[in-house]
Amino acid sequence: MIKVSVIGAHGRMGRTVVGAVDSADDMELSQQLDASDSFDLVNSGNTDIAVDFTVPSVTLNNVLELVRRGISVVVGTTGWTDERFEEVRKALAENPGVGVFIAPNFAISAVLADHFAGVAARYFESAEVIELHHPDKVDAPSGTAIHTAHTIADARREAGLGSVPDGTQGGMDSRGEVVDGIHVHAVRLRGLNAHEEVLLGNAGEQLTIRADSFDRGSFMPGVLLAIRNMATGAHSGLIVGLDSFLDL
Amino acid sequence: MIKVSVIGAHGRMGRTVVGAVDSADDMELSQQLDASDSFDLVNSGNTDIAVDFTVPSVTLNNVLELVRRGISVVVGTTGWTDERFEEVRKALAENPGVGVFIAPNFAISAVLADHFAGVAARYFESAEVIELHHPDKVDAPSGTAIHTAHTIADARREAGLGSVPDGTQGGMDSRGEVVDGIHVHAVRLRGLNAHEEVLLGNAGEQLTIRADSFDRGSFMPGVLLAIRNMATGAHSGLIVGLDSFLDL
Amino acid sequence: MIKVSVIGAHGRMGRTVVGAVDSADDMELSQQLDASDSFDLVNSGNTDIAVDFTVPSVTLNNVLELVRRGISVVVGTTGWTDERFEEVRKALAENPGVGVFIAPNFAISAVLADHFAGVAARYFESAEVIELHHPDKVDAPSGTAIHTAHTIADARREAGLGSVPDGTQGGMDSRGEVVDGIHVHAVRLRGLNAHEEVLLGNAGEQLTIRADSFDRGSFMPGVLLAIRNMATGAHSGLIVGLDSFLDL
Amino acid sequence: MIKVSVIGAHGRMGRTVVGAVDSADDMELSQQLDASDSFDLVNSGNTDIAVDFTVPSVTLNNVLELVRRGISVVVGTTGWTDERFEEVRKALAENPGVGVFIAPNFAISAVLADHFAGVAARYFESAEVIELHHPDKVDAPSGTAIHTAHTIADARREAGLGSVPDGTQGGMDSRGEVVDGIHVHAVRLRGLNAHEEVLLGNAGEQLTIRADSFDRGSFMPGVLLAIRNMATGAHSGLIVGLDSFLDL
């Protein structure tokens, strides 16, 4: 049984993590910490892996506290920068055998879609990205869609493909935002959560890769995958991105 | 048997019409005219319905010639204006019992999608349109998508719905062209022909209506439907739009 | 303000209704009854419309109790039969001006998809239905999909269309269940809730109508629509089916 | 310039290949052979690569004739068996440096979809396959869909996943054909050509991979890819499957 403690256990994502760990046959829920709780509650006796789903302003300190206590961490909080990564690496260097895993996206379907887009893009004349989200989202296009556009553009460059064919004259507003040469469209629709569609086309054929995240629960298979991988003890140091634990 | 003559019979659409009429059990292919042929070849003895798929510069004259000969016409050529419609109406007034049917789109799926979008739109908080075409298309968004956006906007106004929810701050390039308050996205992909998707969303639910036109053959069921309706003799005068012959 | 009381207020659907009524600008939440509560709490002074989301074994008695008290009811509980409808009609006959609305499906998207399938089916050579649900569902295909298959079959018969083209020789297992001549496929996939896709095809063209119900919230727009319609007082007697309140 | 000769040049696929080679900037169309033509027309002087799109009854002889003449071949004809492969291998052993490439499917999108299904399947609780074709197809489900079902099943076994969750009681007709534990559904719809959709689901998330082949032209990018790879001279012997030339 992997003993898991959850930091930010009373937030919306934290509660979802608590439920997922509780339901996993190979895991045991240990400590549930909130902002007011001391990290002294967490130690290597009661915790194999800590999971941090808090807020950008505190996550770095949480991770540093846990690393110093010799606890490996799985982090779903956003707001990470190269400077912050560097601080984590320094702390890890002083605590060999401890690992920190940070992922910008825990949805396995989204991570696979991005990867597949990169593999496939070199074989198609055309490529576009449509992302679809709930209408309360403030940024557009989504960070995931921007990442996928770069993934596609990189693959096309490597394969020596030129720019995508586009005979449009005028009316470019409807053609989306051009990210690294790839047209990206953002749909905002009540009822949706977070979705991405990659469209690849050749004469007579189309390949479509679509990732749907219907709710917060969509991140749990990825979170559990990360916990299980970190719990093997085989991964120390700083690891970024769920693709590290996917056999691609 | 309905005797059908085809004007513009050697053009790409004309040839497709010739084939479709030939295959229809209840139709008989009569005359096939090209630009160099005289309209004297077409008369009420050998032709019940003439079909015109030519070019905007000659279609008005073709229609007037046929109407004067007492032949009802089904027209798939584009480029019609209110002035041109008026000239046709004048000629029809002098030839009672003759009918002219003109449609901007003969794809039944596209006409139905537009109609359904109008019926459904009043019941949904959100609505967006995505049109997808081959990359050689010069205009964007497509005329069909613009029409559908207006259909949706009209339905929303009639139902007293306000503007669609959209919390986007910045990055509006990816949010498409706003046509009458409705966001319209245009995808250009090699391998595609002409496609439209209407997305309607409420909390927890989505309705999607999609029309795919894979090739020129997609217009033939609509052309045959128009020929059959005009051949009943029940429709005289000028009739515009395939929805006239659909039981909606 | 429409005063709404909820029967079965502590069940999963009941709680969702309580939340939806609470959020509606034109409604006021009055009584919340559970199995142990007396109907004496509900009267025409504090309640314009009662909503019943309980269980098949008690819903008929609930409705009869409310009708006798002169309260119009919106019912989302399943398990209704012709015999039960008859008992409701009798009670309503003795209480003129009172109305009871019962719907097998409150998802507007699903009701519209079924209606559109019927309108469109007469114009297409081929038609099939795919329904997709979570894997814990015990029946297959879904009642909604069976209903849609009949809707399509009725429209085809009325239009004089014969059977759908199908050249399959052997391997019929993969061709789905044939309901009234229409092939119906049932997909069971973790992560899904309740979804239906109607595919209609002609040479060169396809029309797809898809209804997605992502969660219980998907029924709320339909429940609110029914409450608002019943609250106008214009509808007395027994009314079955959400399409009664849609302008189709 | 790669000099390409086409065997079966007047068949439907052959003509499409002739057109595609003609349009390719780096290829030159050399001989076009039909059933009545002698292989003496093809020699290593005028032909770098021969392409065979004929019929199962003659393709083996064609390939052997070409191999003996020292010409590498790209084969799109079906009907290959282990015995036939063995004959080709023998001929190739006697003609070192010559290569024969045979693919059951030249649609890049279909080959990639199958590959991606195998990579992704190990990370999802549920998986199903829907294939959609024109209604004149006699077999169901398609060979491609059966292959994909095995690909998914292999990946699930390797990952230690058990059977897919399915609570269906009765009504199994609608649940498709179970191929190696995976439910496969076959849709037949006028207007379609050849399409496959792989649906993968976890709690809260879905990954969909869809390959559309709209017409015969969809095989040409794969045929050109094979010609280019064989023309490098780097591939001798017998090579089966387009994935051999994809960087997966």
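We call the chains A, B, C and D, going by the order they appear; numbering starts again at 1 in every chain.
Definition applied: a residue touches a chain if its C-beta (ideal position, glycine included) is under 8 Å from a C-beta of that chain, and two chains touch if they have at least 3 such contacts.
Predicted, not measured: the structure shown is a model, and the values here were computed from it.
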Worksheet entry | Neighbouring chains common to chain B and chain D, by label | A, C
Practice prompt. Report which of B-C and C-D is connected by more C-beta pairs in contact.
Written response: C-D
Worksheet item: Can you name the chain that lies farthest from chain B, using the mean of each chain's Cα atoms as its centre?
Response: A
Practice prompt. Please work out the Cα centroid separation of chain C and chain D, and write it as a whole number of Å.
Written response: 45
Discussion item. On a C-alpha centroid basis, what's the spacing between chain B and chain C, in Å?
Written reply: 35
Fill in: Contacts with two or more other chains, residues of chain A listed in rising order
124-125, 191, 200, 202-206, 212, 214-215, 218
Discussion item. Could you list, by residue number, the parts of chain C that touch chain A in their complex?
Written reply: 191, 193, 212, 214-215, 218
Worksheet entry | In the complex with chain C, residue positions of chain B that touch it | 107-110, 112-113, 116, 119-120, 122-125, 200, 202-221, 225, 246-248
Item to complete: Going by the contact rule at the top, pick out the chain D residues touching chain C in the complex.
Response: 124-128, 130, 132, 135-141, 145, 164-178, 183-192, 199-206
